[in-house]
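Just so it is clear, A, B, C and D label the chains in written order, and each chain counts residues from 1 on its own.
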Amino acid sequence: MTARQKETSIELEVPFRHIDMMGVVWHGHYYAYLEEARTALLRACDLDAGDLIGARYVFFVIESKCRYAHPLYYADRIRVTAWLKDIEHRIHIAYEIHNLTHGKRAARGHTILATTDLEKNLLLETPDEIRRRLVA
Amino acid sequence: MTARQKETSIELEVPFRHIDMMGVVWHGHYYAYLEEARTALLRACDLDAGDLIGARYVFFVIESKCRYAHPLYYADRIRVTAWLKDIEHRIHIAYEIHNLTHGKRAARGHTILATTDLEKNLLLETPDEIRRRLVA
Amino acid sequence: MTARQKETSIELEVPFRHIDMMGVVWHGHYYAYLEEARTALLRACDLDAGDLIGARYVFFVIESKCRYAHPLYYADRIRVTAWLKDIEHRIHIAYEIHNLTHGKRAARGHTILATTDLEKNLLLETPDEIRRRLVA
Amino acid sequence: MTARQKETSIELEVPFRHIDMMGVVWHGHYYAYLEEARTALLRACDLDAGDLIGARYVFFVIESKCRYAHPLYYADRIRVTAWLKDIEHRIHIAYEIHNLTHGKRAARGHTILATTDLEKNLLLETPDEIRRRLVA
């Protein structure tokens, strides 16, 4: 599997309510931007909500991380790209946020998802039927 | 029923992440402060989650409103008071936010809750068993 | 002035993180949706940030209100329309949220803005130079 | 310096609005909990806002990370402990979230702060006058 093939991007504009006293986006809000791209990526793999996710499995975030390079300002246009980095035991999704207004990389991050069954038992490996959709 | 008898207050401190570019609390965050006081009020009535709410009924917010008097700043201590204003058809909860740091009234507001059964059918009146707890 | 002429709409999709334990959008998040439409409306009037707002005047929200009709669910597409209702003493902006997925009106609301000068003195009337842009 | 000497804890209760569709706290909200503990820690070092921070320097978050162990549920009481792990080039603050209701460790995390001057120039080392307060 060439992971970057499964790459999805979304674009959005930094809203007023995300800007803090220092005039830049509060660091915690970046995880909302990552979520928008992750939703798009999983949806592209037919893994958003439906016959598998929700019906038979649940995704549970076990790690999130973000490294901030250049601050984001009010009304900046950003592009958030998400791609699959690893899908064996855990689904590792990597992200890059690019500031389209200033032409700079704003941040990089990742979230790692574990899969549980409906009784919330953590599965040691990503189930085959999920894996197949991720590499398809 | 003398509604103001059912009055509950909570105190909290304005966190950094709620302050916007203008240096004051973004207006939408006040609804989080109201929620803290509402939770305390409903809990004092034994109506938070348990044998009635969650098990047999669901509260659904049908209206929220806030009037802002004096802005709130980073690290201000506030007291949010909630009380029952009307409980017949809808549960009308009123609020007052007092800035303990500056000694001024910061805001007033209300939220109106309707009750639904577990199938999400709106009930035309607040069920008796809920009403009894609210006036107890 | 025919206020509804100054009408602006934006569309967005309800994100996962806005859905609460009851499976619907938490009522406080609607104010974020209203903000997106208000930003678009003020920008269409050239009143977002620039020579007047930010440079000479500040808008301050003095009242916000929302009435919820039909709940919003995860991934619902919504259209938020904002228009000017009154601009004399205060700038009264009204909103309607329409659920494009279910074809129902989801909510109505308003926010009222007062204008202050840079020293945060509340102005009794909307300044002429702002008013002209609103009715242009 | 024995970093864990500079350890500060805060306690809070998980609010309704932080719970997502899966019935647990949405992963991004943990960064709000970390912030509450960081504010308390920096305040204990006299580095919240005042003669140094705000007046001569600005803290800028350059990395945030959280590892989630056991989910948090509505109304869980949690204790968030923050301590200084490294203060040479960057201020590295580590955190642990303990669920007091279930008696389990809920999460661990860190945020790394860089210092800038008021012109937003990144400083290569933590200024001495800040460092002195952190180790005092």
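As a working rule, a contact is a pair of C-beta atoms (placed from the backbone, for glycine too) under 8 Å apart; a residue touches a chain by one contact, two chains touch by 3 or more.
Please read all numbers here as calculations on a predicted model, not as lab measurements.
Interface chain B/chain C: over half of the residue numbers present appear on both copies, so the contact uses mostly the same residues. Between the interfaces A-D and C-D, more contacting C-beta pairs are found at A-D.
Among the remaining chains, the Cα-based centre furthest from that of chain D is the centre of C.
If each chain is reduced to the centroid of its CA atoms, chain A and chain C end up 29 Å from each other. Chain D has its Cα centroid 23 Å from the Cα centroid of chain A. Look at where the CA atoms of chain C average out and do the same for chain D: the two points lie 34 Å apart. Looking at chain C, residues 16-17, 28, 32, 35, 74 sit in touch with two or more other chains.
Within the complex formed with chain C, the residues of chain D that make contact are 16-17, 19-21, 23, 26, 28, 74.
If you check the complex, the residues on chain B that touch chain D are 15-17, 32, 35-36, 39, 48-49, 74-75. Within the complex formed with chain A, the residues of chain D that make contact are 22, 27-28, 31-32, 35, 58, 60-68, 71, 111.
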